[in-house]
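First chain A sits with chain B, and in the next complex the same chain sits with chain C.
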Partner chain A sequence: MNLLRKVFAVAVFVFASATVADAQIKIGAVLSVTGPASFLGDPEKRTLEIYAAEINKQGGINGQKLEVVIYDDGGDPNQARTFATRLIEEDKVDALLAGSTTATTMAIIPLAEEAKIPLINFAGAVVAADPKFKWNFKTPHTDLMACEKIFVDLQKRKLTKIAIISGTDAFGKSMRDQCMTVVKKYGIEVLHEETYGPRDSDMTPQLTNIKAKAGVQAVVNTGFGQGPAIVTRNYRQLGILVPLYQSHGVGSKQYIDLAGDAANGVRLPAAALLVATILPDSDPQKKIVVAYKTKYEADTKQPVSTFGGHMYDGFMIMIEAMKRAGGAKDKAKVRDEIEKTKNFIGTGGVVNMSPTDHLGLDLTAFKMLEIKNGNWTLAE
Partner chain B sequence: MTMQTLLRRHGVVLGLLALVLVLPLVLPSNFYFRIATLTFIFALAVLGLNLVMGYAGQVSLGHGGFFGIGAYAVAVGPTHFGIPVWAALPLGALLAGLLAFLIGRPILKLKGHYLAVATLGMGILIAMVFTNEAQYTGGPDGMSVPRLVLFGWSARGPITWYWISGISLVVAAWLAMNLIDSPTGRAFRAIHDSEPASGVLGVNVARYKLIAFVLSAVFAAVAGAYLALYDGGVTPRTAEFLRSIEFVTMAVLGGLGSVIGSVVGAAFLTILPQVLTVFHDYEHVVLGLLIILFMMFLRDGIVPTLARLIFRRRS
Partner chain C sequence: MAQFLQYAFSGLTVGAVYALVALGFTLIYNASGVINFAQGEFVMLGGMVTVFATAAGVPLPLAALLAIAVAVLVGVALHLLAIEPAKGASAVTLIIITIGASILLRGLASIVFDKRFHALPAFIPGEAWRVGGASILPQSVLVLGGAAAVVVLLWVFMSRTLLGKAMIATAANRMAARLVGINTVWIICASFAVSAAIGAIGGILVTPITLTNYDVGTLLALKGFSAAMLGGMGNPLGAIVGGLVVGLLEAFGAGYISSAYKDAIAFLVILLVLFVMPNGLFGRAGVERV
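This part shows the complex of A and B:
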């Protein structure tokens, strides 16, 4: 018992000493920097650190210095909730930029709602942008938008009968479900469906089934990581000739490296950031994405990813809202200003928030790309 | 019963009760209440695991699975089957106990590493079910859990759950202490010391192993349900393999075969990650290092080793 109290006393002491540093505006972040979702959390954390330093170098927000407190939840929603509680109760932050995954975000949202603290999250799923959560906003595109972008392209090419092959991981599954909700709207008919596990190394059986299905005019693969690359390779090996669509989940150079020549001809929706250098100069996002890409790559010596870009957007929207609200003291005012964000040009697209739209992106946020000669090209 | 056993048995429970009662007086904010609550919830699961590992001497690397069954019971039951939350909680515990009974019969015949691997497989399988049966469980993103409502009173917030989990832990500790001093408990320890010898002495080894296993599954399931209700959500991460490892680490670190050790182990691994955030990017390294050091110098776990040191100094 004594020991427990001692451990406790030490804990109290360390917490206390960790929270003395006093800044004028404090933003808290809970991100999945390590663990299975570190591909999201790590670039988010780096981006936040780079741009927080940048803001302070420029003299802060309306002259007030900015302090950022970042905790790593390791991808565990329970830890995420604990750290978010800590940010709100102990660190007394003015705003939250938190939640790398849908699961961690959904654990954090109720706390922000209860404490009435503005929150911008980086989850993928549509629920994380539900305007019923008054204090919560989100920057990443939803998988629903990716589906719609693909379906619009299918419509343009007059292809209506498709097959879907999806990964059973969170990303692949959620996107598949979202796609199914809008097939009717775009007059698309799903003739056949297949799934594969996230660690499967051969998708030939599933694709053989698809090949055998008469009338399929295009195949859509919702998945993330190495799965889609294997699908792409098997697809070409089986000599399936109808167009193959991948999701925004494969939007990295790694996919092309893994799939090799098989990737040529594949179409996918992706954020402008991925094709920053080949965007036409007339594109409103061009300046922003090139600037972010250059800065991120120079500072971290790592290739830019769209996930870090989501943090850039969230951070900038938050900062601009605070500037308009004249500081961060009046949290309700900051929240209102976030909701009033109009024509904000970010890496993810042009953001127009409203009381009924806490995401603020439309389909123009995605570019339809086609891979040609091992490189991204704009298909529009 | 001698005065000493009485004191030992009730002393532990009374001490724990005193801690639960006094702690709110010094806890400064909801955040500390949350840490204490999480400690109690995990301690509940570890206490159960300790019956199997510490007393009966059987390894289980699958208790995250039972924890998950309890958690998903209060999520899936009310959402899909219209079972009220207060009924879903014991139902989940029952289900976990039943599963432990069915699985335990064959796999508890295995010994040492083989048992460890079998329980590990079991835990992973359970977690896989939660991930894949998405129409019921919400898949990898998990699902939300309705609030526990008892007689029109809704259990929410850190302070309410502090009391629920704290009192439950005290009751569980009391049950465990009683069990340990009963013939069943003595049979557990006999099996721990030597299976063949206890068999020769007439202890029904298979039966007692099974009792310990089932009981521990029930403890874990109740703890899992508490966590799900407290957090208002559940994901496959709740039942993951890492969770099982975490429980084993808590049990071993705190001290196998020690009720207080279970609580200390749970507290250690719940509080430490919060304290170690001061090390920023190196927190995981420091955490690992600390665990290694503790295991090197307090080999029997924190509580038994310290107890022995204090006892030796006195005598």
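This part shows the complex of A and C:
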């Protein structure tokens, strides 16, 4: 019996080491595929699956096959933490592409730091790219960049006195706060502020106050979802004539559908992916964004979104870092290679990481768009 | 002055929808004693069915009729499948049943339709009209006019038709109504149908202004319920006044005090009124029926 047990143990050991010898590179993902943030997690998951299959078809990473393990946290930070722990301890992944929202990401970062596993996240807020987290990187643009892009455009048009109307949801509030930190830097004066609830269906009282405020030269709306569409409709209804700026939060065709004719003339910062087909051929991102858009739309039969694009960027940065590091065995080396990413052209912009910048994007990552005749056009 | 007018227009438009929801609450409450928290879902169905039917190529008037028909069917089904089988149950149980029905309807809508927001084109196209420095959308006028028409039609129905009179009789005393040969089950069923139709009409009229999605009903039910309470539960006139007052409170609160607290301001005023007048503005003192 004892002998039998030993033989069994040896057999298991041999079998186990056999699988190790046949090593694959394992990437773990925790994404909000369902739940309130599914508009983020769903395209991220699809993108990851499409491109992981693509990499394997091309022969993997330095000859090693790639395996991807995806868990759905439903938008819940507690679940995100549980699944990230499972990926690290049980699935023993080599790297993480995880965190669809800022909340879930902030739950995952400490785990990656502790386990010393490279992590690329897809959160919106600036905190998720803080270089004090050594093992953590991020691909999506930040609210702050969107604000700065708007303010640069305002400066160019010599419009310095503005009013801000913001949603009281997390996105609208966070972006409004970020905007307020840089108003001085761009010589912008905020004359008046209004807010609206995420479920409000009428913003005319707030906009009436803005209209009555003397000297306002432009209005900036930080918000996301249907709120900005209603603001836009009410704005035209009241006949407010100064320019209206929206945020990157409305960067989808749905905004134009909801706001209708009222959307014409609205300006907003947005990722290149949104306007892939109208980018000039000289644009360095043109080839990448058109290729991603074509592939994603052909494979999923759904319109491309910038959120899936963030996953594309994170995945490709990770894969290239692993190639340069000669595989995924040496996690510290992979991390260092991610940090050395230079001139990586992704869907979100041109990425130049450094020890002090774990995002690596500058303002060129955003294009200033103007809506004309119900379509996006480049305003620059 | 222009600002005041603008707030008033805004408040009246939103308030008209609250009033229709509150009216729906009142009708069902009067006929059956049930507070139907699925009332907001009728508004949602009105908007969503119209949006999807027009998207499928159905002309707008037909789509609107279809939406009302769907809402009425759902209302009748709600009564026959959920309320009627539990007729002996306490008021609280019945309320919980309607809350469950509202969650079910929302879930179904998110699957049958989708979770995105949708808009309808304005029924009267064109620019906003300028009145005394304020602007009002032609569609807003239509919402107000539509709500007024519903109220008038309902009054005619209640006071001039046999079915309407039977409804009033059932509301006044169900046992007595049954004794004079009124089929009260049928009457309560009809009250669900009429409530659903009123809700759906509100939903159709307001969708071009406020947009709609699968869960707009929750908030509308809450606001409509507050309006009905403010006006005095069970009083149709109170429901209408209550709805308009809640809408106006929100608009003036957002305009003159702070947009961040506009809902709080509205609810605070409602609470204060109910402290002073526990039966609402037009309510009768509650009589315990034994």
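By definition in this document, the second predicted complex is superposed on the first by the 357 of 380 C-alpha atoms of A that agree within 3 Å, B and C clash if a C-alpha of one lies under 4 Å from a C-alpha of the other, contacts with A are read in each partner's own complex, and residues count from 1 in each chain.
Here is the rule we use: a contact is a pair of C-beta atoms (placed from the backbone, for glycine too) under 8 Å apart; a residue touches a chain by one contact, two chains touch by 3 or more.
This one's a predicted model, so the numbers in the text were calculated from it and none came from an experiment.
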- [ ] Check whether A:258 is in contact with chain B, with chain C, with both or with neither, and answer first, second, both or neither.
- [x] second
TODO: Using the touch definition from the top, say if A:34 reaches chain B (first), chain C (second), both or neither.
DONE: first
Open item on the list: For A:79, using the defined touch cut-off, is the partner it touches chain B, chain C, both, or neither? Pick first, second, both or neither.
Closed with: first
Open item on the list: Under the stated touch criterion, name the partner, chain B or chain C, that contacts more residues in chain A.
Closed with: B
TODO: Return first, second, both or neither, reflecting whether A:209 touches chain B, chain C, both chains, or no partner chain.
DONE: second
Open item on the list: Per the contact definition in the header, classify A:379: touching chain B only (first), chain C only (second), both, or neither.
Closed with: neither
TODO: Kindly classify A:89 by the partners it touches after superposition: chain B alone (first), chain C alone (second), both, or neither?
DONE: first
TODO: State whether A:168 touches chain B only (first), chain C only (second), both chains, or neither.
DONE: both
Open item on the list: With the touch criterion stated at the top, can you tell me which chain A residues are shared between the chain B interface and the chain C interface?
Closed with: 168
TODO: Write out the stretch or stretches of chain C touching chain A in their complex.
DONE: 2-3, 6-7, 9-11, 13-14, 116-119, 121, 128, 130, 134-135, 137, 206, 209-211, 213, 216, 219, 251-252, 254-255, 259-260, 262-263
Open item on the list: Using the touch definition from the top, list the residues of chain B that touch chain A in their complex.
Closed with: 15, 18-19, 28-32, 34-35, 38, 131-132, 134, 139-142, 144, 158, 227, 231-233, 235, 237-238, 260, 263-264, 267-268, 271, 273-275, 277-278, 283-284, 302-303, 306
Open item on the list: Touching residues of chain A toward chain C in the complex: what are they?
Closed with: 168, 194-197, 199, 201-202, 204-206, 208-209, 212, 225-226, 229-230, 233, 236-239, 254, 257-258, 260
Open item on the list: Which stretch or stretches of chain A touch chain B in the complex?
Closed with: 1, 3-4, 7-8, 10-12, 14-15, 18, 34, 71-72, 75-79, 81-82, 85-86, 88-90, 101-103, 106-107, 110, 125, 168-170, 173-174
